[in-house]
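Before anything else, here is the set of structures, which you'll find just below.
In what comes next, chain A is part of two complexes: it sits with chain B in the first one and with chain C in the second one.
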Partner chain A sequence: MTPDLLIQSTIIGLSIGSIYILMALGLTLMFGMMHIINFAHGAIYMLGAFAIYYIFSQWGAPYFAAFVLAMLLLGTFGYLVERSIYRAVKGGIEPTLVALLALTTFLQAAGYPVFGQLDKHVPPVFHGTRNVLGVMISVERLMIIPMAGALVVGLNLFINKTKMGAAMRAIEQDKEAAALQGVNVHVVNGLAFAIGFALAAASGALMAPIFKLDPMMGEQPLLKAFIIIILGGLGSIPGAILGGLMLGLIDSIVATALGAEPAFLLSFVFIILLLLFKPTGLFGYAPP
Partner chain B sequence: MLEVKDLRVRYGTVEAVKGLSFQVPTGAIVSLIGANGAGKTTSLRALTGLVRPSGGEVRFENALLNGLAPHDIVRLGIALVPEGRRLFPKMTVLENLRMGAYLQTSKADVASTLEMIYQHFPILRERGRQRAGSLSGGEQQMLAIARALMNRPKLLLLDEPSMGLSPIMTAEIGKIIRQINALNVSIILVEQNAMLALTLAQYGYVLETGTLMLQGKAEELLRDEGVKKAYLGI
Partner chain C sequence: MKPWRSVTWTTLLAAAVLMPWSPGTAVAADIIKFGISTPLSGPAAPWGIPHKNATELIFDEINSQGGLEIGGKKYKLEVVAYDHKYVIAEGVATVNRLIAKDGVKYISVLGGAVVKANEEPVNENGVLNLPLAYAEGLVSPKNPLTFHSFPSPPETTTFWKWIKEHHPQIKRVATISPNDDTGWWSIKVETTFVEKLGYQIAGKEFFERSMTDFNPVLLRILAQKPDIISVLASPAGSVGLIIKQARELGFKGRFIHIGQVDTSVVANIAGKANVEGTWVHGYVQTPLPEKVKSWQARYTKKYGEWNATSIDFTNPAFAFVAAVKKAQSLDPKKIGEAMRTVEFDNLWGKAHFGGKDYYGVGNQIIYPMPFSEVKDGVATLVVQLSPPHN
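On to the complex of A and B.
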């Protein structure tokens, strides 16, 4: 591999990694607080991409406005899913998982007649290429890094510096004790659903100008996000960030050097090895 | 202040509390004693909304508590220091205290409560930046009590505060409970250490497998032959 190719695949890896991180953050947040795996995360990614298609490229809204609107709409949808599905099953873990799987299947199946398959694409938002360390990279790919980065920083500030964020951390550590301090656990769980859904929508919205849109387009990033949160430690936010970066880089660099299939295989070999030596993942901890 | 009438709590087919009645006058320390499985912890969980009573009535300053969520009950001025402390282990001591003041909206009030807490528990000021999980058992118990006080409760429920503590630390906790009571906070003290409970309380209730066996002034219970034999080990 030439140095130029290494630089290029590293930068592409960072941009893919940023998407993985956004996906994984919501998953790990929801898992940490409610011990559920949000299977619908991939479907929400897909809806985020289609939201950009309609709001930006069909109705002509500015890209940033469409981006924010997609996050708001799907974030609200997340809150409503907590209010309806999660509360209806009284927070039971297994019934929630089954309901989320059903929701996923429904959204994807409805996607074919409503959105169509691989026949829509979003025109480029950022044009041209830019010279980075002597290598030309498309600005479209490059812009993903600061935009995702801003969301990651924003989420961390929210969780570590605000009262609501403290309530989320409290629920993650002891739900009953949080309720005993006066935290309305339902509302804060709903907020976690909203944040998770909004971040998944943001990932889809960022990738929309790069790939053709398809109702099943969220499955691949969902699978990657699962790998990342296991790698980083279930429920850990720093773990999701580090895991996402690692997986993005492995994907891109190994895929450039050896091809896409070995890269996919290697990510699993990597996770098996890591879990052999640290079963709780990078930042995970076994509850006492 | 608190009136419990015929409280019943059911876990599946098992009735853990079978018609318990007791009351807490304003300013009093009332203690519930009894062996493991007597229904003491379950009663406190029912009073704070962590479990729903299956029957009976709980009234606090004439408001009916049955069916209220824990966060609504905390708002009325009842705080529980749960069995096993249940701190937020990954948060610092100060963050734990701030969580206790979650419902307080005035920053000035929180700051003055915090100052008051530090006067009673100087060790917590020293340990402010340390993670709660790294404190010793006694310090954790102090933090758990302090966290509950951050919301300025009128009624404080203490579940086994002496559990796992050394005799010296237990005596210290006893002193703290008296100090809190002197600040005009009514207290329900649940203890397996009946000697500690009955020395602190004015009134005691003895529970056995979910029902009330005996009640009376604490000093009378301390002299009662049955209580001596079963709970005081004399």
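On to the complex of A and C.
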């Protein structure tokens, strides 16, 4: 691999990794607090992309307004899902998993009659290419990195610097103790659902102008997000960030050097090896 | 109760009881069911929708003239279509459903990997299949009732001779294709052919059909400095992303798809300017011969929107109708025998099934194939070529 190719594939890997991080953050946040795997995450990613298609591409709203609106709409949807499903089954992990799986199937199946059978496409928001360190990279790809970075920083500030974030961390550590200290667990869980869904929507909204849109488009990113949260450690936000970056770079650099299939295999081999030596993932911890 | 009332009630009751058996059977016997298993959703839907629509329109037109006459009896033609989403498991399930549940004896399946997966049920049940699909060994003596109704790479690669003659500056060819039966065979045939013509193969890559980020694959290809990239066998959605991402990475050369692809769908994704100069087989927007113009008008009237992919996807219906007329039978074997000798009109001229010298069986459709170039965003016919074998 030439140095130019290495630079180009590294920048592309950082861009892909940024999306992986956003997807994985929502998943790991919900797992850390409620111990549920949100199977609907891929479907929410898809809805985020379609929200951009309609609000920005079809109705002509500015992209950033559409982006924020997509996050708000799907964040609200997440809150409603918490109220109508998670709270209804009294936080039962298995019933919630089954219900979220059913929600995914419903959203994907409803996608074709609602959005149409043909792939959709969102026109580019950022045009052209830029010379970065001597190689050409599309501005669209480059812009993903700061936008995703801003969301990650924002989430970290929210969790570490606000009262609500402290409540989330308290629930993650001990739900009962947090409730005894006056934390309204229902409200905070609802907020975690809302943030998780909004982050998945943000990933979809960022990717919408780059890829094509179809109701099944969330499956691959969901698979990647699962790999990342296992790699980084279930429930760990720093783990999701590091895992996302590692997987993005593997996907890009290894795929460029050896081909897409070896890269796909290598990501699994890497996880298996890591879990053999550190079963809790990079930043995970064993439950007491 | 008055006697006439009693008679009326008895008659109505008898009619209600007998209805499911007598008249129903008579009606069912007059219908020829033709099964279609095709992608009606997902990235390959730009192929599947016109496949279904074209067949339905031809059958509607025959039905409006009283139906298809066999042995002095008129039959209505009916399409039973299922969506397989270009997923092999769904393709097998839909074909099994067509054969076992719907009792269909004649089918048209789209997608090489799907057709290959269905070889056994099709052959075991003696079903006549008119697929639109690329896969190695599909047209073969072991599939006697499978009549491939679209030009395959062994036919369409002949366009490379035209390129060699008209664009001698093109020297290095890279290929990118789906990682399945369709892609493997298509690339094998194409690269073998172009190497014989003296081209250098600059790269050969495969991708999973679910892939959307082609950057790593394209970086590998572009590092080899190709003059042209062949996206043979890739669906429109993937082709759009490949072209868009290759242009973003700085590729200035041409693209070619000698399978079939809707360049307007590709341009929606890749951007009109990026698709300029692309060569494509089986998709022509202009100039259209009178016969195709008439088809365009009829298609647009029925479906509200024109789809140029439908032009060549009329082949299964035209071939089926011509062979049934010749065989004067509903037996798939007899229709198959007629298929090997019948000559019929498709929208580009005279068509027949041949290719025995290449495939070992004359089950490949042969007709003057259209090739276009995207000029000012429009797929413009540049040449019609006959396959190298007859």
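The rule is simple: the second predicted complex is superposed on the first by the 286 of 288 C-alpha atoms of A that agree within 3 Å, B and C clash if a C-alpha of one lies under 4 Å from a C-alpha of the other, contacts with A are read in each partner's own complex, and residues count from 1 in each chain.
The criterion applied here is as follows: contacts are C-beta pairs under 8 Å (C-beta built on N, C-alpha and C of every residue); 3 or more make two chains touch, one makes a residue touch a chain.
All figures in this text were calculated on a predicted structure; none of them were measured in a lab.
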item: Chain A residues touched - chain C or chain B, whichever exceeds; value: C
item: Chain B versus chain C as contact partner of A:N131, first or second or both or neither; value: neither
item: Partner chain(s) touched by A:E176 [first = chain B, second = chain C, both, neither]; value: first
item: Which superposed partner A:K163 touches (first chain B, second chain C, both, neither); value: first
item: First, second, both or neither for A:L118, with chain B first and chain C second; value: second
item: Where chain A meets both chain C and chain B, residue numbers; value: none
item: Parts of chain B lying in touch with chain A, wherever the complex brings them together; value: 48-50, 69-71, 74-75, 79-80, 82, 86-91, 95, 98-100, 102-103, 147-148, 151
item: Contacting residues of chain A [partner chain C, same complex]; value: 2, 5, 8-9, 12, 16, 112, 117-119, 121, 124, 129, 136-138, 140-141, 211-212, 214-217, 219-220, 251-253, 255-256, 259-261, 263
item: For the chain A and chain B complex, residues of the former touching the latter; value: 163, 166-167, 169-170, 173-174, 176-185, 288
item: Of chain C, residues touching chain A in the complex; value: 40-43, 45-46, 49, 179, 205-208, 210-213, 215-217, 219-220, 223, 236-237, 240-241, 245, 248-250, 265, 268-269, 271
